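Think of it as A, B, C, D, E and F in the order they're written, each chain with its own count starting at 1.
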Amino acid sequence: MRYEPQDASKAPRFTGIRTFMRLPYMKSTDSVDFAIVGIPFDTGASYRPGARFAPAAIRENSTMLRPSSFNLNVNIFDYLSGVDYGDIPCVPGYIAETYREIENGLKPLVDAGIFPLCLGGDHSVTLGELRAVAKKYGPVALVHFDSHQDTSDAMWTGLVEGGGSKYNHATPFRRVVEEGLIDAKHSIQVGIRGTVYSEEDLQESIDLGLKVITANELHEMGTKEAGRVIRERVGNAKAFLTFDIDFLDPAYAPGTGTTEIGGFSTYQAIQLILEMKNIQFVASDIVEVLPFLDHSNITCWAAASIAHEILSVIAWQKKQGLR
Amino acid sequence: MRYEPQDASKAPRFTGIRTFMRLPYMKSTDSVDFAIVGIPFDTGASYRPGARFAPAAIRENSTMLRPSSFNLNVNIFDYLSGVDYGDIPCVPGYIAETYREIENGLKPLVDAGIFPLCLGGDHSVTLGELRAVAKKYGPVALVHFDSHQDTSDAMWTGLVEGGGSKYNHATPFRRVVEEGLIDAKHSIQVGIRGTVYSEEDLQESIDLGLKVITANELHEMGTKEAGRVIRERVGNAKAFLTFDIDFLDPAYAPGTGTTEIGGFSTYQAIQLILEMKNIQFVASDIVEVLPFLDHSNITCWAAASIAHEILSVIAWQKKQGLR
Amino acid sequence: MRYEPQDASKAPRFTGIRTFMRLPYMKSTDSVDFAIVGIPFDTGASYRPGARFAPAAIRENSTMLRPSSFNLNVNIFDYLSGVDYGDIPCVPGYIAETYREIENGLKPLVDAGIFPLCLGGDHSVTLGELRAVAKKYGPVALVHFDSHQDTSDAMWTGLVEGGGSKYNHATPFRRVVEEGLIDAKHSIQVGIRGTVYSEEDLQESIDLGLKVITANELHEMGTKEAGRVIRERVGNAKAFLTFDIDFLDPAYAPGTGTTEIGGFSTYQAIQLILEMKNIQFVASDIVEVLPFLDHSNITCWAAASIAHEILSVIAWQKKQGLR
Amino acid sequence: MRYEPQDASKAPRFTGIRTFMRLPYMKSTDSVDFAIVGIPFDTGASYRPGARFAPAAIRENSTMLRPSSFNLNVNIFDYLSGVDYGDIPCVPGYIAETYREIENGLKPLVDAGIFPLCLGGDHSVTLGELRAVAKKYGPVALVHFDSHQDTSDAMWTGLVEGGGSKYNHATPFRRVVEEGLIDAKHSIQVGIRGTVYSEEDLQESIDLGLKVITANELHEMGTKEAGRVIRERVGNAKAFLTFDIDFLDPAYAPGTGTTEIGGFSTYQAIQLILEMKNIQFVASDIVEVLPFLDHSNITCWAAASIAHEILSVIAWQKKQGLR
Amino acid sequence: MRYEPQDASKAPRFTGIRTFMRLPYMKSTDSVDFAIVGIPFDTGASYRPGARFAPAAIRENSTMLRPSSFNLNVNIFDYLSGVDYGDIPCVPGYIAETYREIENGLKPLVDAGIFPLCLGGDHSVTLGELRAVAKKYGPVALVHFDSHQDTSDAMWTGLVEGGGSKYNHATPFRRVVEEGLIDAKHSIQVGIRGTVYSEEDLQESIDLGLKVITANELHEMGTKEAGRVIRERVGNAKAFLTFDIDFLDPAYAPGTGTTEIGGFSTYQAIQLILEMKNIQFVASDIVEVLPFLDHSNITCWAAASIAHEILSVIAWQKKQGLR
Amino acid sequence: MRYEPQDASKAPRFTGIRTFMRLPYMKSTDSVDFAIVGIPFDTGASYRPGARFAPAAIRENSTMLRPSSFNLNVNIFDYLSGVDYGDIPCVPGYIAETYREIENGLKPLVDAGIFPLCLGGDHSVTLGELRAVAKKYGPVALVHFDSHQDTSDAMWTGLVEGGGSKYNHATPFRRVVEEGLIDAKHSIQVGIRGTVYSEEDLQESIDLGLKVITANELHEMGTKEAGRVIRERVGNAKAFLTFDIDFLDPAYAPGTGTTEIGGFSTYQAIQLILEMKNIQFVASDIVEVLPFLDHSNITCWAAASIAHEILSVIAWQKKQGLR
């Protein structure tokens, strides 16, 4: 039994209910290798909200994705059976409850060894995902593409008593270290740039034990060398890939909440993913897509295409006998 | 067994796979009273194409629809079980093949006495629908809201040999008369306006046996009197309601291919539907929504809301013991 | 010899060079009854510029206009030969030079007794047009649809020496009285509303000898009674119809520079034009369309449709032997 | 000392820092009659967030407002001194903290007898405002324009323990009754419509002691009669006017989170406000503007214009010696 | 006699009827070196239609093009006389009829040795163009910029009897080989990328005798080396240049029907065209521009600018005595 | 005393009156090191107007800028005190008056040795700024990023008597040489490209004594080498940096009036600014942002981010003891 997308020769790509890649929508974990999971949450956003509409918008724009990867020469569905698992019932304004729903929602997938590819939501959702993942696999290596470190201790310290807001989209990667969900010494952040609060911001990540490739460094070294650095850092650890769409330049991904200029093209993003094709990813997410600010759907399409390339890596690993 | 929308207290309205009103997506006809059917076809469009994306866009915008009608004081799902039946696999460029798919696709629904509410597509699709409907019920009364009569004999007569193009969105209501699918003497067109090819255009409908309430007449007489005229015309006949979204003024429905100024508000549209609450509708469609030209989704939302009101009428008739 | 639009049965409406209604583009005055003239000027705008792109945008959206009026039961081209005369070469930043170009550009048309229908441009252009018109016909009756009176004496009095800026879109109807281009006692302004500089603003028009129907009065009296008042005011005078698109409510005409809420629908606008079907118009314009702020082209389409109705009135008068 | 907008003859309306109407931005309460207060909060939104950007967007679009009301023949600044008081520092995700900030922020204004005109924010903010208002004035009459009642007891009952979420944009008008902040027997909701959860929804308001004019009733009775009913209901009570922009039809106000068709025009809204010109309003707000979904700024402009009319009523009352 | 654009010092660029570069609109072939020909057809599109509006939108955006090429140091109109030849009357839904119109429409131009630069339309139109071209010149070398190969045998094989749809935008470059219209051994496809149906997709082109430079290869080798490869492939053959706008990355060309990430910048596109400045092009087209999805006109402007560079190459060849 | 942005931990970034970076709005020059000055003027635009709305739109989008530069490792406000000085009262249609206002408006700042960072406006405003700057500092070195040279002698020579329009956005850099405001031998233009009027256009700049790095040259040499060339050219001269946003490619900056393909990324722009970190800039501007044509605010955000980097250079120079 293999779940695969609808056949476009019998049902044109503009037809049908909008699941990711027109996969069957099923809550089952039976005969499933990967599952697309929407996490429509944006209460963690400090500036522009609206990422709760990202899972639906990415699905809507995923219907043109064909089954095979040009880059890896693999038909995903020759090696993997996949479903659209629907959405986690996130609760606006209630981050603890939402974390509970994310953790509980992903548990059956993670327990069954299924690869969950989550579509956020703002970046706060990754903490919930990593709680589910670490419960099964222990601390994992984090590969984190982003223009921001998201390692603040708290936001709104002048407004929320007791040290400010600890759970939001600016803090998850401090929390995941504190909660022991990732193995910092195999973890890396890539693409960091933008204006910052102080000269010490970058040090935060280093103090947490993370390695950082800044945007300037990545522009200088190129994707091949960056790939080498990432592979060296992750080694053989089981890994989690989190892709904040604002890693891309605003020209390539205008539809996100806190853009930073001087970013990367989709070509560079895909090259980096291909560089990591031997890393043992156990889960992944793509976050911070904001459809209200997208135009011509290019951000949603970029997100869908990146998701496709991640799935292609998993399929390629199957084809190569690597998983 | 009753199929109804997801419970919003457990799954917020911005979550989930985009079926109409978050109904279950099923191809089954078992225990079903009404079915939403997408007909994503736009090859019949003479000017702006893109209505093939209307079913998906209307579904996306239908998730805020709550189960009850404020106007009719009825909870649809207390009286009706409904599903989203998905889309007819329409074929761009192939209208005959598409008509075959529409007719075959609707047959199981119509045969089972299920009320199909179709989401076009350009107005050419109504011919396919009426072929399915008339096979079951014989010629039906047509209630046709539109700014255009769509009763031309042919388009592109100077370009297509043999008298031009006979099947497209300008001709369906001549064809349905010719094919004996509607009972012209109980049929009526409402809202006709706009610039026309010649002073004789209006006569076309009359020569086909149809009654017409022009936009000017409707503005003059008001919705109550128009309701009376429609009811009188239809009488006790089984009826088909086709709602071209350009019946509405461009201010209310910018997202359509051939707008005409001087149109109607959504309030007037709803009042007219309520006036017809005793008419025995056996099927319906909403056509000519063009998401590329919509803004802020107001056209898609109007279409979804009108669909809701039509379903409410059916539920109300059940409640009243009228069907 | 009669110039008329391209035949849509041989050349679909989405094809061809964008002239108004797909009329021939000609500078000739021979065998011509009406001429469309673009006046792409916006230096007179005090707030949002961009009306210089209106003539092109209205033309682009005029291709769906069919030759006959539904309301007047007349095919324009059975009675009139028309051309698209192209654009006046307006000069950004140079209003005096632009007025000279407008006046010189319209002169051959007006002299030949051709009906010019001008597409502005901000409202300052009407002064240039009226200079050309009055040179031929003497002072004419002005019928002025607008949300603003445009009767200020000057703008930027604190910034421009010598009493401020005298020629811009806030002042033309004071200037036309001062220059003796209109016959104030047969002239009328319709639709005035919005926030104002002081309680005395309305008095300005009255002091100039103009009659005003405010928006509130028009809402109260309705279009039939307003038609009667306008006809009574104009009498048998030769008249100039100037239609500022912001007469319409922003819901109907978002694409303009200084919207005012509480405005009118396109249906009401058309009814008013029909009420004036016996008035002897000698020229007309439609101004203040701002394509940058339009959406789904509804403002441009409204402008094109209103232009069509004005031409239909002229054709109807020909048909009735009234001109 | 009177604070008033910048002089447009010296500083064109497109220049300058975007305060409301280009009033001075001051935190002072000295010599101030009214204050514009932004409340940029949207965590209370159940569907589309983004109203946190409404205060800035309404200010941006308010610069064309001139000082006088056409309808009331009054120059606001002949009778009132006003400032833009800036924004309440709302905290995303923290509604209790935000209520505290709103209450504390408005206190100095309310205590000083200044009329606060608040720009939301989603409708949850009104509870915070009314806490500040009732502390000074005791329970006030509520005049509530909206398409929704916002009287639910809780949202997300299946997801949040302890009975669901009690504080959000669906519940404020149950809470204000429970907290004794309004005098229900002098309070009224106007414009209620849309699809509903059950046939009993309307009864909720009635059970809370509120009077309701539904949209259907308002369409039937007209604004004059509705004005009479509102005045009769409010009587001489001190009153709070809350205007949810979705009272307007989506054609007039597309930029909001949960549109309902069959709504009202800006003309009708203004007429209703004028009908209430003798009511003793002590505070007011305009909520649920969502700039991400606005187009051509028509929703923001409608909100700004309605704010102007409310201020004009206050000025008119001063002029008449009524306050 | 030389036809050239209007003089901008006498008629500002925002004025005038929208022909390409403000050239005269003429059907004549007399004294003409190149002709712009619109082919507004989109029935061949499998996903998003709307390219029928591309010729008008590209013309609208071409008015800022000045006569000289910065890159080639040549004023086009010093060496070439050019006209806008208008549009081919394409028939929606009728691809055979449209091919006939294209072939007949181009024949007089091709026969007269005029260089036609066609503005599509979806990519299916190129088959019609090549029929006209090959009739005059025999099989030509094809230089094909695209993200897709467009070499499928058929679409909708499960829906259209007799092997599916043979003529559409996915199949033209199989058809042109089968019909002997191009000389495959001198032909090349450049820029191929995106998700594919199977691992064998690329082989399709090779089996047809075409050479392919994939996007990955092009990113690796750079435009200079790619230029060398293209020149070597084409040799001295007469050539046809077809430029699918989706060769560009979605960041540079969002307005197209089936975007693929990882594409190219306009700078790279122009460099490639310059690399080919010695190739003997006899005709060219630019296809798949979809104005509905463009924003800020950047796609239309890119298309217009690329057209300008192609014309500059032809002028440069004249200047060098190469043609 | 140091003026700095509001503290985001106490006032979230989406709150507050929109000054640049949420700096205090003050007309004072006391204790001020830099001042943001809006120059909302667009009468100089030859094609698309609307840059008058740029200062407000850039401010609106500047609120996410944090105080420190990632690239220069400096917190601006550790070394500089800055204010938003508001807007110059520009007069539409009156360029001489506007120049007077600009010159007078900047004088107090320049005289006090404050660094003015001006936000245009079309490029004509730079002449006004340089008049103020040169009065204080004498002729300065000009570093000019742009796709156009803006060195024409006049526009509209066929329409404006006396040799056409001398003051507009196509002519400022001829005027500044003629008026002796810049030191041409230390001045340089960078990024020139696009279609041109004639093969001699580039020579204009050279004849004026300016050095030019064309876009093609910059693409070839890279930003490091270009930096070297610029530094060598400027030497130790006091310099003025003018940044026309159309230096960026339309993919990165769609919101401008006259885009040219083949441009630069924001990364390249920032690298160039960093290369100049030792140049003694005394003033700067960013011009030609056109918010009407922006989407998702990416152009305004790019402009704000570039402004931030310029300020960071000034702060870094302070930190290094270089100023």
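Simple rule for what comes next: contacts are C-beta pairs under 8 Å (C-beta built on N, C-alpha and C of every residue); 3 or more make two chains touch, one makes a residue touch a chain.
Remember, predicted model here, so these are calculated numbers, not experimental data.
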Both-way neighbours, i.e. chains that touch subunit D and touch subunit A: B, F
Shortest walk length in steps over touching chains, subunit A through to subunit C: 2
Most distant chain from subunit E, judged by the mean position of its C-alpha atoms: D
Most distant chain from subunit C, judged by the mean position of its C-alpha atoms: A
Pair joined by more contacting C-beta pairs (B-E or B-D): B-D
Inter-chain centre distance, subunit B versus subunit C - centres from mean C-alpha coordinates, in Å: 38
Whole-Å gap between the CA centroids of subunit D and subunit E: 55
Geometric centre distance via CA averages, subunit B-subunit A, whole Å: 41
Two or more partner chains touched - positions in subunit C: 10, 12, 14, 46, 48, 52-53, 89, 91-92, 156, 159, 249, 251, 293, 295
Interchain contacts, given as pairs of chains that touch: A-B, A-D, A-E, A-F, B-C, B-D, B-E, C-D, C-E, C-F, D-F, E-F
Of subunit B, residues touching subunit C in the complex: 46-48, 155-159, 164, 192-199, 201-202, 214-216, 219, 249-251, 254-255, 258-263, 293-295
Subunit E residues touching subunit C - in the complex, by the definition given at the top: 10-12, 14-19, 25, 38, 40, 52-53, 55-56, 59-60, 84, 86-92
Complex interface listing, subunit D residues touching subunit C: 7, 9-10, 12-14, 64-71, 73-75, 249, 251-252, 265-267, 270, 295-298, 301-302, 305-306, 308
Subunit C - residues contacting subunit F, complex: 42-46, 48-50, 52-53, 89, 91-95, 97, 101, 156, 159-161, 165, 168, 292-293
